[in-house]
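First chain A sits with chain B, and in the next complex the same chain sits with chain C.
Moving on, here comes the complex of A and B:
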């Protein structure tokens, strides 16, 4: 059985150029085909739709309770897991080679749009090489690093395997690429605690130019009362005033179709994705600006039914098509984890001392 | 060294496979060629020919044979 939809169409459509009515009709067509694809091939998903309605958002926690896949077991190329904290079940996301390659290609398109570079950029990863080399780990953090590494060259690690800052490595990287635009990538909490705060306390700084892409959530920083403005200032102080911090929202259940923060500080859904804030009691969309539970769409997965998810994140859709940055589509902000949701091990599960 | 030798060497060094096992070798086909091994292989191929591949080509580099087509795009004759 072949999948009727041609991903070439999506990859050729502009990432942020469709106006709302065009995007709505494109997504309606794709979602309808994805629904039938997954209902046909994933019996559990078919039952969920039969009970709750066709195309109903799948609550992310179901990936912990069920083995949701739309491929034969033998076609699973890798299994991504959320790095759940001890005692919790982990989500299991099953990827075949097609879904995995498609997700990485989409990721690279999206990131290029925000870095402004089509070529691979020199890349500094704010993590330890050991995190990536550990072959048994397929957490959001390792997956993020591996996915982003394909966009980098001279991939260099800023932390030692015990997660201590390797400033010599950072300094040497900055020197090697002085005058070039670089890509720095890491999880928000690690960037702050293990790089910025540590370097600052030791009086270290370098001058780099480019983009710092970071994600994984603000929760731990909010606990430390670090605001986005303070984060940006700290980053520039340590890594250089020419380095623009760029947050992203993404999850292991929808790898690739991440939403990145624009020059105006808003997260943007691309042609591959969409976002809606809903009232958890009625599941109906709330108006722009109002807080709701986020429902996220990704047109990328064909190996598991993760195309429309009910997340455990609360946030607000702020508007559509009219962000001053010039990108079309919806832009939104994330406020945090839904109250009462179990603490999910997201990317920032590294426990500092 | 001939280019074909360099190409095969990159696999041997990055993935620890024997030359005899290269024909038909695919990404995820052996434990060593996983996503970690893939980046080592890419680095080895790029070093061997002094090229820089596009991200899409790194993603599409899915087998020993497919890789030959890809390096050919960078004016490497095997």
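Moving on, here comes the complex of A and C:
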């Protein structure tokens, strides 16, 4: 008898309470059901498994090259696209109503665990309202803001449509919610460059309390030689010492099941997700602590075969079940994008752009 | 007299000077041309830095006097030929010594040469240009100039206006862009656009090899492929097996893999690219279920012989393989873009006959395993000494 994908069960399981053996058996059962679901409904995925093996990770780049879905075209409720640099093809992720709702629900569960609030919090978005107004484009940034906004109330934008800092808006928000815990959300680089640095240079500051959830990667900040400690200090200086910065790792290809940074500075996989670092030459796991290419699991998507993905990020799984923050499951760190290939060959000349 | 006063705006001279535009072409295989190349060869052979760069050594070896004199024998009519005039060379950016061969062929044909060298700081470019500059100074030769300018520079356009030959290496887009730039009506374009290559191997011949012979074959195949990240036009992308018995190819691939494990600097991103390609090839149904991922050597057996192999472009150790019942079947799948057939255990004359008999649109070169990268004065089907010079007829 085949196991039905009963998400009720999954949402009842503790987010961070399963010990490794329990989580492993739960995930084995779910992944096997998800594999057969996607193999039955997505012919491309079925052929990939036939050649490379059942349940092998699908490279995120494949979503740029192929339209991979496990639903009828008519059931597509929305299409997510990756931000992708100009000139590159964007990924296309097809969501039906079920997958989309499930992702939203999981996201809210995970974020609550880190904010410590079950109810909606006043929310300051470090971005422009114009970024979300565009309905036709569902980029990673738009999706992130929309997803998180559902968990907020009095959603206020900190930047104008030209991405300049709207300090009046920030100050008014801080005043309105003085004494309350707030949720600040934004992309790491925007938080730093467009809010922290800008406010600092103009001598602005406010006192807020709560959590700053930020994501999108450190690459641009590392280029500017900004360390996580410096980032945290800058944030506290401008937005208040009671605001805890909390990084997260997520991607449009697996919306919802994000991994958030705990009080000990580690990213945690929840019951909905898992992470493995693999050696790109073999695609086999490397030991805890060793750097590898990250393979991420999400039990949420049923509308497209994105339950096991090969990312293009390198990082290391640091441990399992024993983080001092008390959360069980794996915790890890992300080191950045895999370095691009430098390749010889004669079909590219320097006349090319 | 050509007016090229503005032609070199924004250009850096690596060797030679703007005076090159005043130079005149000479006879093909002129004594002076041979001597200059031989001097360059001697200088490189005597340079410690050059001797540490294998591709510079092979260039130096190619233009040694004995080889040039032997080569000249094949052009008995050379004294009746004159270089076409000013040749503009656009060399590929990521093959360090290609520019030097391009220049040497044209110099032998008697042309005045302006060579755009790769903008990347390859030590090979520096070493070779230094040797050429010194040889030119000693000979009082001002027939060549080596230049560098940014890819968006206007120099290709202005130099085109005074060129009698344009030699363009690189991708289709580069060829198209240079072709779109106006040039004198008699200007001849010699273009080397995107090509691909295959290997044709008779599996029965592998059965006869002992371990030593097998690793020698594997080393040759490694040089044909991995040495240039399997991304040169002449690097085989697909192996077509003849006389298939299915048992020997495993031995062959294991030997190639050993070579790659020893010598190839495997980048993580190259592995990822191969994994993505294998997934895409599996998803489209192109490869059979016998394929499997191995970052060092990924084998992608085709589900069936495709109508055209042109689009199968693995790189960095990603090999398609397919069986052909007959030589004719093998050749039937090679389109106009196919440049080289690298063979083993197959009679090259028989391959040539089959290519010609079939009126094949591609296939310019049929060479043994291990020789794919050996560039020569006959390239991509052009006899460059002849194409780059003209006959002055008198009767």
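Worth pointing out:
The criterion applied here is as follows: the second predicted complex is superposed on the first by the 337 of 353 C-alpha atoms of A that agree within 3 Å, B and C clash if a C-alpha of one lies under 4 Å from a C-alpha of the other, contacts with A are read in each partner's own complex, and residues count from 1 in each chain.
Simple rule for what comes next: a residue touches a chain if its C-beta (ideal position, glycine included) is under 8 Å from a C-beta of that chain, and two chains touch if they have at least 3 such contacts.
Remember, predicted model here, so these are calculated numbers, not experimental data.
By the touch criterion stated above, A:289 is placed in contact with neither chain B nor chain C. Looking at the shared chain after the overlay, A:237 reaches neither chain B nor chain C.
In the superposition on chain A, A:101 makes contact with chain B only, while chain C stays out of contact range. Partner contacting the larger number of chain A residues, of chain B and chain C: C. In the superposition on chain A, A:14 makes contact with neither chain B nor chain C. Of the two partner chains placed by the overlay, only chain C lies in contact with A:47; chain B stays clear of it. In the superposition on chain A, A:133 makes contact with chain B only, while chain C stays out of contact range.
Comparing which residues of chain A touch chain B with which touch chain C, the overlap is empty.
Chain B contributes residues 27-28, 31, 34-36, 39, 52-56, 58-60, 62 to its touches with chain A in the complex. Taken together, the chain C residues at the contact with chain A in this complex read 90-95, 98, 116, 118-120, 151-152, 156, 168-171, 173-174, 177-178, 192, 194, 228-229, 231-233, 266-273, 275-276, 278-280, 282-285, 287-289, 291-296, 315-316. Touching chain B in their complex are the following residues of chain A: 77-78, 97, 101, 104-105, 108, 118-120, 132-133, 135, 146, 149-151, 153, 155.
The touching residues of chain A, when paired with chain C in their complex, are 44-45, 47-48, 50-52, 56, 58-59, 61-62, 65-66, 68, 279-283, 293, 310, 312, 314, 338-353.
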